[in-house]
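The same subunit A turns up in both complexes below, where it pairs with subunit B and then with subunit C.
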Partner chain A sequence: MSFKIARSEGILLAIIAAYCAAVAVINPAFLNIDTLFDLIRTSSRDLILVMGLLLIMLSGGIDISFMAMALVGSYCATWLMMKIGWQSAAVLIPCAMLISTIMGLCNACLVSWLKLPAFIITLGTMNLFHGLMATLVGTRTFGGGILPPSFSAFGSATLFEIEGEYGAVGLTVSIIPVIIVVVLTWFIIYKTMLGRGIVAIGNDENSAIRLGFKPLYLRLFAYGYIGALAGLAGSIYICQVNAVYPDKMIGEELMVVAGAVIGGTSISGGKGKIFGAILGVIIIYLLKSTLIFLGLSASWNNFFVGIILVLSLSFTAWQEKVRNDRHLLFKVESR
Partner chain B sequence: MKSLHLHVKGQSAKLMAESQESAGAGAPASTQNSWFKRYFIADANLNALCFVFILMAAVCALAFGSSMYSGANLQSMAFQIPEFGLIALGMMLAFLVGGIDLSIVANACLSGIIAGFILTGQWLPGLEEGSRIALAVVIALTLSTLMGLFNGILIATCAVSSLIATLGTMTFYSGIGMALTGGRSVVGFPDSFTSMGIAEVGGVPLIFIMFIAVMIIMAVMLEKTGNGRKLYLFGGNPVASLFSGINNKRMNLAAFTAIGFLAGLAGLTIIMRVNSAKVGYGDAYVFQSLIVCVIAGIHPAGGRGKVIGIGITTVLMQMAASSFTILQLSPYTTKLIWGLMLILVLGLTKDGRKLLNMLSQSLKKPAARRPAGSEDA
Partner chain C sequence: MEEYAATQLRAEPHKGDPQGLPLMVEAIDITKTFGDFKALDNINLMFKGGEIHCLAGENGSGKSTLVKVISGIYTPDKGTIVVNGRNYSSITPVQSMHEGIQVIYQDLSLFEHMSVAENIAIGKLRETNQRLVNWPQIYEIAAEQLSRIGVNLDLRQELREASISTKQLTAICRALAMDAKVLFMDEPTTALTSREVDRLLAVMSELKKSGLAIIFISHKLDEVFRISDVVTVFRDGRKIGDFPSRDLNQRRLSYYMTGREISYPKYQRTSPDEPSFIELKDLCKKGMYENISLKLRKGDITGCIGLLGSGRTELALSLFGLNRPDSGQILIDGKEVSISSPTTAMDHGIALLPEDRAVQGLFLERSIAVNTTAAVIKQLCSSILGFFDFKKERSAAVDSIKRLKIKTTSEDKLSGELSGGNQQKVVLAKWLLTKPRLFIMDNPTVGIDIGSKSEIYEIAQQLAHQGMAILLLSDELEELTSNCNRIAVFYHGRIIKLLEEDELKDPHTAVFINAAIASGDIAKAQAAAKAARAGAAVQTSAAKEGK
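The block that comes next holds the complex of A and B.
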């Protein structure tokens, strides 16, 4: 296995390094192991989600209902556990993953049936899932006092601790599922027929069908996979914040999409790298958590994310257009 | 070489004819019919829409009676329709060219905020009230149009797909708004400005009349002018439009610039009515305007749909929202209903005709008499 860094990812790495250097010069407090561990902890939910999103976007679709799935899966699982009386976080995760996977499969069926832009369909199901949950299960907030202690124990557990300037800081346990998911996604995309098929339908669905791939099954897998990951990510998130709100997480999905896109994932399918997607999410979280070091309030967050997004988008699209023009390919469908 | 050229031309003419046909009932074949027939009878989708509208009106009358049809409620609906209707019209333009625009609401909010800064005198102080209002309106509309143009440049010139491009600009525009205001509202507009928002002519709000005027202008421009027909053709079949000598890039630019202008109008309407400007106002409108477009029969793949459909559906949505308020539904239940409605409408427009045929065949009745071509729904 050779690990080669592509040019776009090299640019992203350079941007991250330059930005970190700039922040460190302005505010030396940034250079602390604390910052790194905190970044890993807060971004672990979105790092898991972006892996599922990458698979979906490779298949030429998009799913923006994943935050709703994460919320509904973890909320319903918690609610069920409170009803039955189970206490362990080890039960929460598979429960939530199961519930979210079912929702993901619903998405896949709808996308395959309606043959319309997946964005519109999953926007509908996002509202549908959230509305169903709130109407059928309830809108109660489960605070830290009610939740089983195993949740917060899992959420705040650390692999190892280092004595920092401001006391001991530890690397969160959540990094283990993140690593597992990243490796699993890499394996699926590059080493299985399933993954190759998903990339194939993303590049050209008709050719993929003639090669013998079945788009329905591949979509079922891709949308089910993001469902399962959403359940996992949602459970990790509620363990980390140690509370279950009926309206959190929803509304943050576009930032994950932005992360994937900054990382060079193509919306029209077939193109995208795992490392790029990870870097994209990291950049967004880096901006989110370091503006305060620069003396800017959190209000500036969207401004900078927007600038980076627009710049990276126009840059990659422009490059592709120039390449297409040189090869006398004219693409009219990119509207 | 010449034969190839002719071949391409012939094919493009065929494609153009196909796309014209699919563009709805505006095809030249039905010109001898009256406008009413052309508009309502020949268009299956509009037909269904009118039917649903009458049904909804009747159900509301039966279920809520005077609380729905009281003068006060009708008027408050007429005050709320324009801002949302303008956004839906913008989304319709994006749908017509086969794209989507997520940045409409962010654009409206930002132009509203900038108008607010000028109106309150925080920017360009020392102007008289009248010129301040005029300047605020002009600058807000210019800026929003420029923001739309920026979207258009990203989409047409840099060839970014519209979903991602407008996702980026949505974040960017709302980011500018956040950076300018810090999340606070801009308040304290001059009375003569806000009085325009509540002004009425013979019981009909002024902003509602403006909305109707915008709708008529858009309908005429889209359906009666050459450029409008070109836009439909481009949306329905960009390959055909390219080979018909239409400047595809300019079509995209024009559509998204027009969306920017509509967003600016919506932003001004909003701040006029609620008397404050703030980031994040009307975020739900993005989703609701998508539903409106889908229900109104604007095909997401582009090239199909009519302005009047948007008009009817906007009123329909407002009636639904009004009845939710009367029923005191929770916002979550409202969300559930909107989501269900979107999926249902998408499913019905795809396979509704098939279901209907199956139903009528099982009832041993002759199948629907409509020619197969007229139903693309």
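The block that comes next holds the complex of A and C.
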């Protein structure tokens, strides 16, 4: 597998470069190491999540309950720790990952057994998980004062610091889990039969079954994997904001889905690239963070993301059409 | 056991095989029903290594069902499958794969977003239970299998960019990589051009030499005779018999398949000789066709013949609004029209039966009734209130089933449960109901059995007698010469010759056409036809002298 930048990723990179240049012209303060470090810090949660989502979409499915899993996993883990009294971020992460993985496995079973569209099922479980948490565990907010100090210590820790214009800025440690997850996901997709099997069922489930692949196991893995990543991402997030709210994160899942789609991941399954998905998320965070530099209010964010999403979908559709025209393939629609 | 021996004697006329070929798979008393319908009725069959075994029979006679039973997709109600000396009363797909049984399905079962190499190797990697993927190994496996069948493909090409022929070879290589000993090929040649068919048949005989048992299904009888050693004939789920192919000829084989003599009706135009209602003037599309001028009258069945890339399919799509011409005019009833979409084409009374079954827009999950009437929904609404009239839908569907002899238990059966050829008939029925003025048929009888073919020809000719104009694109010369009153010969995007009614009466036009589509040289083709005529004259005179 040689590392080659495909055309669509090249286009994304060009867009990012052009956009950065434009923002820098309007507001030179943008060109600062500060901006970059901040971007990495804030986007690390979604960069982790999009890796799980990529695997799910490669399998031909979709999961929109991952933010709910991230919230429920990290919330319940925190609550448990407060109860028991072990107070360390090092316990929080595995604990949250375990809880979210269980939720992910539930999703996999439901998707395999009910044979309904994964979108509908995960829409349901998203509310189910959240509702269960609210009724069984509670809806208390854990503020910075109550949370163990190790949370915020982890959330604000840096690998190294650079003396910038506005004081010292540092690169967040959460880049390490991000890199690990990206490499792991790459390894799973390209270097294991498990990953190839997931891609195979996303391409054509029946053909994969004929070759002896077992969709149930592959789905259990894929949905479990995004569950585990959700636990990790949720934990990183609560450490970064140093507070645990019972209703945050939920509602932000579509931005991650948009990131994956902008990055060229196919909604119908079987096709998607790691680098593309990363770029997709980066673009979204870039837009979000540059609004201030452009002097626009935060409500413009959705508008911009929407535009990019529509553009990228049109681009894919157009590419598809060009390809079909070349092969003289036409869908004959009946009236 | 005794009963088994008896059926064997009855069913295996070529059992005392002097060549002593090894027995690979044996099916004993296989019965398979779908509901009350018996798709296979007590089938006994043997497949031997080093032999190409052809399954022949009409659409819906159970050929594909047998393949699916042996490969484990369907469980038989009764019977035994013996593979490598082991008896299975039912076999799972995985078991069957482990026993070396491989199937090239009609849909090929490949992964569109993977490379050719990975498509070839993935089956083997899965079968050997590998955990990790070693990409150099994948390319090695793929290259090895390709060299085995003696072809070259671009291993890194993404499969969806590849041609049908490449996909087919990929599927074969995948099967070989998984150590196939018995290879089933269910209608592998339907989507191939004649040169690609040649290549495929060459690959098949190569594999046969290496000891594989190959089971081949095709409705093109000339292919059957070119390649097969044994032919088993099916009719209505029963086996009629096994015949060494050297003892058969086309007429006998089609008699065994259908139980009657098949002859193609010859079309004679009877419509009054009024001026044409559709006229193409200097139609051009860069890289596809140029300067196409053609007049179509009511009752004309105009044949179009030419190799792949000769421009005829591209022209047909243009007439149906799917491939805008760059310049030139289309006149309907003397007025220039612009056909920008299939909807406008249908408004002008033009219908198209496209070649590729996969994109024909059959809703496999819906009933036959829904599918046959899908293009005429408006006409089925009751005139006053605009409600949908289910009774009309039903009766239209029942009529179509009768008319095209679609083999089904009822009009409510799902289209996906029909045999391949019968699905094709449903599509044909759908377009016929629109009562077009011009019906463009692109290879309408691909995958249709020889009996139904002659019925479809009869229907087409009857419609032409009633005034419909038909543009018939076909690769089968016989189909064209018996149905068409004119034939346009395409070469490199041009109509190099339009043969009119009296020219078609000459028995040596076939020679002319074959030479013309291959070389594009009219003079050469005429010379070839002349030589054939002279040769025939010499023969007849010699025969006379001999007497």
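In this text, the second predicted complex is superposed on the first by the 325 of 335 C-alpha atoms of A that agree within 3 Å, B and C clash if a C-alpha of one lies under 4 Å from a C-alpha of the other, contacts with A are read in each partner's own complex, and residues count from 1 in each chain.
As a convention for this text, contacts are C-beta pairs under 8 Å (C-beta built on N, C-alpha and C of every residue); 3 or more make two chains touch, one makes a residue touch a chain.
As the structure is a prediction and not an experimental result, all values here were calculated from the model.
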| item | value |
| --- | --- |
| Of subunit C and subunit B, partner touching more subunit A residues | B |
| Which of subunit B and subunit C A:Y190 touches, first, second, both or neither | second |
| First, second, both or neither for A:A277, with subunit B first and subunit C second | neither |
| Partner chain in contact with A:S297 - subunit B first, subunit C second, else both or neither | first |
| Subunit B versus subunit C as contact partner of A:L211, first or second or both or neither | second |
| Touched partner set for A:L309, first subunit B, second subunit C, both or neither | first |
| Partner chain(s) touched by A:A70 [first = subunit B, second = subunit C, both, neither] | neither |
| Touching partner for A:L123 - first (subunit B), second (subunit C), both, neither | first |
| Common interface positions of subunit A, toward subunit B and toward subunit C | 330-335 |
| Subunit B-touching residues of subunit A, taken from the complex the two chains share | 62, 110, 113-117, 119-121, 123-135, 139, 246, 254, 257-258, 261, 267-268, 297, 299-307, 309-310, 313-314, 317-318, 320-321, 330-335 |
| Residues on subunit B engaged by subunit A in the complex (per definition of touch) | 97-100, 154-155, 158-165, 167-176, 178-179, 181-183, 238-239, 242, 248, 252, 287, 290-291, 294, 300-302, 330, 332-340, 342-343, 346-347, 350 |
| Contact set on subunit A toward subunit C in their complex | 1, 190-197, 199-200, 202-204, 206-213, 266, 270-271, 323, 328-335 |
| Residue ranges of subunit C touching subunit A (in the complex, touch as defined) | 73, 93-94, 97, 105, 109-114, 118, 122-123, 125-127, 130-133, 135, 160-161, 313-314, 317, 320, 322-323, 342-343, 346, 352, 354, 356, 359-361, 374-375, 377-378, 430 |
